[in-house]
Amino acid sequence: MITKLSVEQTIAIMHRLADLVNQATDELGSLDAILGDGDLGISMGKGFGAIRKTLEQVDSAKETPGSVLALAGTTLASAAPSTLGTLLGWGFLKAGNRVKDVPELNLENLAASCRTMVDTISLLGHARMGDKTILDALSAGADALDAAAKQGDSLAQACHFARAAAWEGFRNTIHLQAKQGRAGRYFERSVGHEDAGALMGALIFEAFSQGIDGFGATSAASSPSE
Amino acid sequence: MKKFMNEPELFEADMLEGILLAHDNELQSLTADRRAIVRLTSPAVGKVGLATGGGSGHLPLFLGYVGKGLLDGVAVGDVFASPSASVMLDATRRINGGSGVLYLYGNYGGDVLNFDMAAEMARAEGIAVESVVGADDVASAPKGMEDKRRGIAGLFYLFKVAGAKADQGASLSEVKRVAEKAKQRTRSMGVAFSPCYLPFNGKESFNIGENEMEVGMGIHGEPGIIRLPVESSKRIVQRIMEAIEGDLPLKSGAEVSVLINGLGATSKEELYIVYRDVHRWLAERQISVAFPYVGEFATSMEMAGMSISIMELDEELKELVAAPCDTPFWRQDP
Amino acid sequence: MKKFMNEPELFEADMLEGILLAHDNELQSLTADRRAIVRLTSPAVGKVGLATGGGSGHLPLFLGYVGKGLLDGVAVGDVFASPSASVMLDATRRINGGSGVLYLYGNYGGDVLNFDMAAEMARAEGIAVESVVGADDVASAPKGMEDKRRGIAGLFYLFKVAGAKADQGASLSEVKRVAEKAKQRTRSMGVAFSPCYLPFNGKESFNIGENEMEVGMGIHGEPGIIRLPVESSKRIVQRIMEAIEGDLPLKSGAEVSVLINGLGATSKEELYIVYRDVHRWLAERQISVAFPYVGEFATSMEMAGMSISIMELDEELKELVAAPCDTPFWRQDP
Amino acid sequence: MITKLSVEQTIAIMHRLADLVNQATDELGSLDAILGDGDLGISMGKGFGAIRKTLEQVDSAKETPGSVLALAGTTLASAAPSTLGTLLGWGFLKAGNRVKDVPELNLENLAASCRTMVDTISLLGHARMGDKTILDALSAGADALDAAAKQGDSLAQACHFARAAAWEGFRNTIHLQAKQGRAGRYFERSVGHEDAGALMGALIFEAFSQGIDGFGATSAASSPSE
């Protein structure tokens, strides 16, 4: 069982996230079109395309998982400077910086890093849980990671919980009234549609969870005696 | 969708190359990707630097207001997308003539976030930075929630007034004060007849029926407050003027500047018909017009529609509006 | 069709009222129906008077070029229809400052007839009148039949050059000479993506498929020379430049002015992409650009499309193009 | 049988022509749309609407048939200053002036007046028979009037011939290549469609012929003994 994330694994997870974003381009775009301007699929596609390119260039020997996350963040903020690209870019930057000296991330590191991301986005965007934003997925996921860490769950287990909580947070945004961004201008009329940014938040935990399951499977396969 | 363009991903790059080829005697770009553009003469030592920025697709907004008597620099985003904080920082550094920099831009999530970050980074480098965020569209949020309103064509007045004030050698706080004053006294609202099309995916920005209009539509196709069958110019003007007047009461004897802004496809002929009806609406209420502007000031690519902006004048604003200005896109003689 | 207007029969009247309300510090109308419009300062004693005219629906053409450094008067027709000879005569009488009047307008049957009659009537009253008829559209008739060609956005250069020359105090024959020279050295051609709609019947000016363009289309929707699937800006520019160059051979080392004219709905962003491609096409052939103009100069209401005009410069034309001018619709600083 | 046209009858014929133009608005417009800009129905409608109004104001005691035609001409030229409105306006003006001192028009006067109209339009428009313009209808009608006058036909008879000749001239324009106006820019491609202006030309003779037949019928009815 995998207990820590290496630099390579962190990079692999970011690539997986880029794949998921690619697959979800249309859904991100059409959710954003309902309450926003419909560009979220495009902008996240651009941003994660740039991240993919940047990460293909890095010398993993010179990085930490945290520095990889930070690099992904600045890349996202430059390549996709929309509301979410900027918030998430800075979220990844600060989340990475929080753990930038840790050579491999354990569950505690991951939970701390994730908490920093939530706090950064909340601070910059002046938004809170329940405002019908990406935070509704992210902070549900972050809470689940914290709880799992306290409970002593495995990394993979924790990520399963976090993923489920993030998706739940995303789906729950359908009942909420938007308080932020373009969607905030719809007032009551924003109820009845999920938030596009929250979908993006769920995809992040999906990528971590899928990635860690994959590494677990590979390491299990390569060392069956363990 | 039909557009004059090459690869859609190069829409912004090709456009910026064209602008700089055509106007290299007035503008310069600071980076290879041409996203930070400033006056050829920047920085103006001692003068407060004025920067704006926002998505592409709104020409002459934003880039078109960089020039004499108006702004010093601009950060250019992709079509309908904010430029990044780092591009804004590039422009800020260059146009700072030692007296600080004022950001003037429209109230959109991405722009606000990025300009706020750029301001913080600039301040960390010792550059004094202030911001005034245009939010003139009365259709975009009700009274009491003014800070949620979008910035549309009324931004022009902020640029015009701040640009003239900065040219007089005023301090950052003085320039900010007049920009704030212009903001407090400016209201806008528009009507859209047709969507525009995004170059990268060819999609229309919204759907609308053969004989419908969207009242209060934003310049990215953000929904307005009501969808109605198309009405006469007079009736549309009445609707808009009543909404504006409800938010910015205008007394008999007041003096205003009027800006009729075409969103892209609407002909100048129609804009002047609208101006006629606005002028008459105001004249009936003994409100006089000092500086009428009729043309394209903040477009939404090829969208058909127009917006009306009203700025209530006082002596100070009147003098600042009257000042000459000169950019490759817009000129006003004394 | 959606238009900002009141009764369709009042389209021209309401528009003209709006223009005169907005610009009464620069323009005046001579008749109650506002069809003859001249500068507020007309006549300029001793100066050759310059008049134009034509149908409405092309703003800033024709009315928009009445002002300092350009024209003195205009006769305004209904949308896409000639004004009458009697309106032209009204304008001619007023702008004659004793040195005669030059008519500059586009080669369309109704306009030619009416200007010819007006000239005859004016001459009968003792006013010296000459005419230069713009015919720059190479797509509208083959070489050898230049007198059948339509006048489109290249008319701007005739106005610009003659206006500057007249301002220098030149005689009628001298002003006519430079206008003729500009005409001989100017060629244009355009591409249309969409029709426009006539206010009085709501009909579209022509039909065109979802992904088609009409190459060589006139500014009233007159058919062009070929209909093709929409192409890239580069390819369209190549087509047009080859047609222009085939008619007006340009040697390496030549210097030209380029005018990219939007027909109405096409965004400035796209016009600058086109300019980029024209600039590159010319640069590859060692032809330099001295005065690029990018914007709307001769529209077809809300038609989507653009035209490219090229004027080959010499020292005299260059100086005249460079001269400042100032109208409510168009300004150029020295 | 009617042998001369009075002022009132001339006015009545112009009203009848205005009615015919009204009925033909769509056909004039659609023929002009094929080889021109499609505005001929509108412009002739405007022009003849203005003529109708002007003629409603005139004091017929102070006019002659010729002055009525001339007035109609200047009204048309001002109200419909398109190619055809201008040409036809000046055509009516000169045609009217040619006979402006004649109190009532006999066949000879009418033929002379009509010839002047043809010559005026030809001169101003630099056009000739066969150029696929209004002249193809007008000059066929004028020729028929001349021939009928020589033959000693009655006014009504002459107008029947002229009407038939003008319609024939109109229909024949389908075989011609346009040499003038917007249509002239189509070269060979202009063959195969009738000329819109020629239709207008035929309507003029139609109005005269219908009008004169009507006056004949009325006078016959009111004085059956004649």
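Should a chain be cited, it is by its letter among A, B, C and D, assigned in written order, with residues numbered from 1 in that chain.
In this section, contacts are C-beta pairs under 8 Å (C-beta built on N, C-alpha and C of every residue); 3 or more make two chains touch, one makes a residue touch a chain.
No experiment lies behind these values; they were computed from the predicted model shown.
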item	value
Required minimum of steps from chain A to chain C, each step between chains that touch	2
Chain at maximum distance from chain C, centres defined as averaged CA atoms	A
Cα-centroid distance, chain B relative to chain D, in whole angstrom	57
Between chain B and chain A, distance of the C-alpha-averaged centres to the nearest whole Å	35
For chain B paired with chain C, centre-to-centre distance based on mean C-alpha positions, whole Å	29
Centre distance in Å when chain A and chain D are each reduced to the mean of their C-alpha atoms	81
Chain A, residues touching no fewer than two other chains	none
Pairwise touch network: line, ring, star, complete, or other	line
Chain C partner contacts - residues on chain D that touch it in the complex	37-39, 42-43, 77-83, 85-87, 90, 124-125, 180-182, 184-186
For the chain B and chain C complex, residues of the former touching the latter	2-7, 11, 14-19, 21-22, 56-57, 59-60, 64, 79, 193-194, 211, 213, 230, 232-234, 236, 264-277, 279, 292, 294, 296, 299, 301-302, 304, 306, 326, 329, 331-333
Chain A-facing residues of chain B, complex	77, 80-86, 108-110, 113-114, 116-117, 140-141, 148, 150, 198, 200-201, 203, 205, 220-223
